[in-house]
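Look at the two complexes coming up: subunit A is in both, with subunit B in one and subunit C in the other.
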Partner chain A sequence: MDQLIFASEVMLNGLMTGVMYALVALGFVLIFKASGVFNYAQGVLALFAALTLVGIQNGQVPFAHLINAAFGTSLHHFGWTVPSVLAIALTALVMVGLAFLIEKLVLQHLVGQEPIILFMATIGMAYFLEGLGDVMWGADIKTLDVGLPQGISESIETVTDSWFGYGYFIDRLDIWATVIAALLVAALVAFAQYTKQGRAMRAVADDHQAALSVGISLRFIWVMVWSIAGFVALVAGIMWGTKSGVQFSLSLIALKALPVLMLGGFTSIPGAIVGGLIIGVGEKLFEFSIGPMVGGATENWFAYVLALLFLVFRPQGLFGERIIERV
Partner chain B sequence: MNSMTSDGYITADGRQIGGKLMELKNITLRFGGVVAIKDISFDIRQGEIRAIIGPNGAGKSSMLNVVSGFYHPQDGEVWFKGSRRQPMKPHQVAGHGVARTFQNIALFDGMSVLDNIMTGRLNKMKAGFLSQAIWWGKAEREENENRAVVEQIIDFLEIQNIRKTPVGRLPYGLKKRVELARALAAEPQLLLLDEPMAGMNVEEKEDMSRFILDVNDEFGTTICLIEHDMGVVMDLSDRVVVMDYGRKIGDGTPDEVRNNQQVIDAYLGVAHD
Partner chain C sequence: MKLKFPAIVAAATMLAAPAMADLVVPNMSYRTGPYAANGIPYADGFSDYFTLLNERDGGIGGQIVQVPECETAYNTEKGIECYEALKSQNPLVLNPLSTGITYQLIPKIGVDGISLYTPGYGRTSAKDGTVFEWVFNAPANYWDGASVAVKHILDQEGGDLSGKKIALVYHNSAYGKEPIRTLQELSEKHGFDLMELPVDAPGQEQKSQWLQIRREKPDYVIMYAWGVMNQVAIQEAVNVRFPMDHFIGIWWSGSENDVKPAGAGADGYKSLTFHGVGQDYPLYADMKQYVHDAGKASGAGDQMGNVLYSRGAYAALVIAEAIAKAQELAGTAEINAAQMRDGFEGLDITAERMVELGLPDFGAPIKLSCENHGGDGLGRIQQWDATAGQWNLITDFIEPDAEILDALVKEDSQAYAAEAGLTPRCN
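Right after this comes the complex of A and B.
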């Protein structure tokens, strides 16, 4: 019985972790749906958003090192702090600006190109953004606090203790992440399915020429989609940044999104969520049950093995569109 | 075409054709050193079926791309509905009442036939963003109205039985018909068809010809088409522009064009000595 309760706690924590994975995967799905491109830069986008948020919050001078080196000054901070809400809004604006720049400087010149070319472009963008983040805000590890509650939720611990005689240990941040992710997904699904912009987005993903011929502005759709992806990256950046600090390894969480996408399907928003949850729960339960037998650390590879199995048996993922081609 | 005036003319089968809907004046289009279109002028009149023909590589598709805004000519003027058109992006041209199909079919393969045709109505939807997302008020009414129009077109083109089929699964001939349906959904004033019958068998060609004539007849849509099948072109069109190596070598009714020596030379070849 104790084992079972413990397993259910592990599972619950797995679900919460899964939500965090899903948040990152969402950004990928959006761009993929709208441009048929796997956006390698999504993880870096989250990092960049988190860096910018911390920078704005703490009143850091952007490009301080560069300015100091060039002019012999010693600027570091403006000497003010910006309230969280305002800082988040400003960061969102920065992400929209970034979307404009990406469209103007990169995508506009690649209209009608093969997806692989666009994919290569996003790899370039990833490295560029990582460098830009470094130059703008410095490479040190920063703590991010936007006022989200953190630490163990005592009320859940007491309630579950009185029910099962065992207090569940759940991080309050994880609960908040779940709520926010749920809201975000509901909004995104409504957007993609029911608005004309959503329909236009799917059209652009399918065929640039055809989209143009029915009067869809590629420019507008791309800026819109990258802005939304930037916003999702911001949310993911806030969550992960709060959880484990804003550091450059944050961009690597993008790698964890890959198996999530293979499970859920690259084109499905609900798929990203379900995929994230399955991976989150799966790797925690696997570590809990099988881990001790093989010496642990299964969390590092479990997701990828699962993704590999999916690639073999169901390449379109659980919810992805089946690719049919007549020859 | 005995009585060609600036107000229009009467066709051989007795239809009244109106004034100039679109006029191209001295269009020249170059790609680097290659001249794709050289100093071509012609007009498309309200309500007529206008064909552009010519051997492969004559510049027909380039011409259509100029009209639909995909290419921008280096020289020349495009006049539409009586005023000179500034250089526009293709999506802006579409917004001004010009719809088109493509030589090698450009449909949204992942979407159903119905959704594909609905994209043709994107420009007709004006409801606010939020209202659409929560499916309420103006958005719902609008969606229903647009759906009704689309259903009409589906009936018209006789594709009811494939409404929900993903386009990727359809055979070639039906894809072409869906593409026509999507273009019609925009209720265009000028409909551009780039080789609407390429790769079709005789039966499919007959169907498509009938639909093109019906569209012109029932909706009064002006149509400009490119086609290789001479028989089809002569049957369908009111007037024909003939292109060869980027130049215009003939312009007139099918009969006039058929008897034009330059056209005969271009198609059958001419002895060089």
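Right after this comes the complex of A and C.
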């Protein structure tokens, strides 16, 4: 009985962790869906967004080290702090600006190129943004606090303790992540279904040429999609950065999104969520049940095994578009 | 034009390479990549100490110390590239600050005759100088750390650990696995249960491990982590309400970087250290005057006094003392790499010498020999005060359990000697 209770606690935590993975995967899906580009830089976008958010919040002078070295000044901070909501809004604007620059300086010049060329371009962008983030905000680990609560939910612990004689652990940050992810997905779906821009985005996703022929601006759609992906990256950066502090490793969370994408499909927003949940629960339950027999630390590789298993039976992923090629 | 180009190249080479008579001690740093936040303060402390000696004392024995820097990004392949590039500059010693790079370099440095100094990291059994002629890992190694942690726990528990449970949360890598054998031996000796919990790199997701800790309620947790794994583990420990004063990290899990993201929750967290904390030492006044205020500090100049800066400076101090010893033994200030190795083996940093150096009680005395390349392995416990935002030393230096460790070091070094076909020296 105890094992069953523990397993259900692990499963619940797996679901919550899956939501955190899905938040990262969503950014990949948005860009892939609209442009067929696998954006290698999505993890770095999350890092860059979180660095910018903390920098704005703390009133940090961007490029301070560079400015001080060039002009012999000693600038570090503006001497003010910015409220979290305003800082998030300003960071979102920075991400829109970044999307515009990416389109203007990179994507515009690669229209019509093979997807692999665009993929290579995103690799280049990833390394550039890593360096830019470092130079702009410094490489130290920054504490991120936008007021999200962390730690055990005592009410859930008390209730489950009265029911099962064992208080479940659920992290309040994970609960918030779940609520925010649900709102984000609802907003994205509503945007895609009910707005003119959203419908244009879907048209581009379906067929670039046809969309162009009816007057949809590919450039505008790309800026818009990269902006939305930048905002999703900001949300993912806030959630993961609250946990670990904002640091370079945030960019590596992309690795946790890959099996989610393989499983859920590269083109489905609900697929990213369901894929995240399956990966989260699967890896946690495997670690709980089999991990101790094989020395533990199974989660990283088991997530990929699970994704590969799904791939064998459904190459397009659970919710991906079926690939039909007529000759 | 044909004449000018080689002249420019020659001039550039002269600028890039240290003068022949200088002492060359490269700084194999990582200011980029996932571990940059830790690599930067260490590299700054390492460089700044030599800058201080150059500016204040005119170098060591009248010889300026050149500290060419090479970026490894904590990447083993890049570390090897750095080694190959630095080799041509006739370095006296290398300190790669990476266990992975150290393992790769050990066979190479034996052939090239260059010392490796790996304080608190690298291959533990390199302490045995009869096998590892060119490697030095004083003042302490990973196994010393595990033993000192258990001794501290013994002290907390009134000398009896029977029936207690200690969990080891470790980075699932060669580094993280280092203390397992030692802790297994110590668990047999003291009668505690050992729970092993590996975490895959980079360690951003540790929910499974901390749920297990919450379920099985170990009395203490010892952690061997690095980078983001530290911050996440400390946050998860706070989340599951694990008592922070029963959570002890190795010295690589005990910098300001590791505790600050968890805020007030990290208060009381402990870690090992093999050197002092803070800036309340006379040396730092000199460091400020001759290096920082003079605008000669490495990097942004904003790291002085933090744990990893102090560790980098301490590594430089030990190397500087070994250079001075080598000069004394060789009877010349212009020493070579072989003489540098002799300097390490003759190293004797006493408590009085630490006072002279402006760091009283900062580090335990270090006395090395042909046989002993690792010192006595003493460590202290520091505890984080979140309110004051500082580490406090809460114990004196603690000796590791030589009875267990000496045998383990011998066993491992002998196995290496047999594998590498080495004949033990120092007879």
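Operating definition for what follows: the second predicted complex is superposed on the first by the 324 of 327 C-alpha atoms of A that agree within 3 Å, B and C clash if a C-alpha of one lies under 4 Å from a C-alpha of the other, contacts with A are read in each partner's own complex, and residues count from 1 in each chain.
Heads up, the rule we're going with is that contacts are C-beta pairs under 8 Å (C-beta built on N, C-alpha and C of every residue); 3 or more make two chains touch, one makes a residue touch a chain.
Note that the structure is a prediction, hence the values are computed from the model and not measured.
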item	value
Room on subunit A for both subunit B and subunit C (clash or fit)	fit
Touched partner set for A:P149, first subunit B, second subunit C, both or neither	neither
First (subunit B), second (subunit C), both or neither touched by A:K196	first
Subunit B versus subunit C as contact partner of A:P83, first or second or both or neither	neither
Per-residue contact with subunit A, leading partner among subunit C and subunit B	C
Partner chain in contact with A:K243 - subunit B first, subunit C second, else both or neither	second
A:A297 touches, of subunit B and subunit C: first, second, both or neither?	second
Subunit C, subunit A and subunit B - angle at the middle CA centre, rounded to the nearest 10 degrees	140
Touching partner for A:L212 - first (subunit B), second (subunit C), both, neither	first
Minimal inter-chain CA distance - subunit C and subunit B, angstrom	35
Set of subunit A residues, in rising order, touched by both subunit B and subunit C	none
List of subunit A residues in touch with subunit B within their complex	187, 190-191, 194-197, 199-200, 202-203, 205-207, 209-218, 267, 321, 323-326
Subunit A contact footprint on subunit C (complex, rising order)	31-37, 40, 172, 196-200, 202, 204-205, 207-209, 211, 214-215, 227-228, 231-232, 235, 238-241, 257, 260-261, 263, 265, 300, 302
Residues of subunit A touching subunit C in the complex	6, 9-10, 13, 17, 65, 68, 76, 130-131, 134, 138-141, 143-145, 150-152, 169, 171, 240, 243-245, 247-249, 252-253, 256, 284, 287-288, 291, 295-297, 299-300
Interface residues, subunit B side, partner subunit A - complex	68, 70, 89-92, 94-95, 99-102, 106-111, 115, 118-120, 122-123, 125, 129, 132-135, 139, 166, 168-169, 171, 182-183, 186
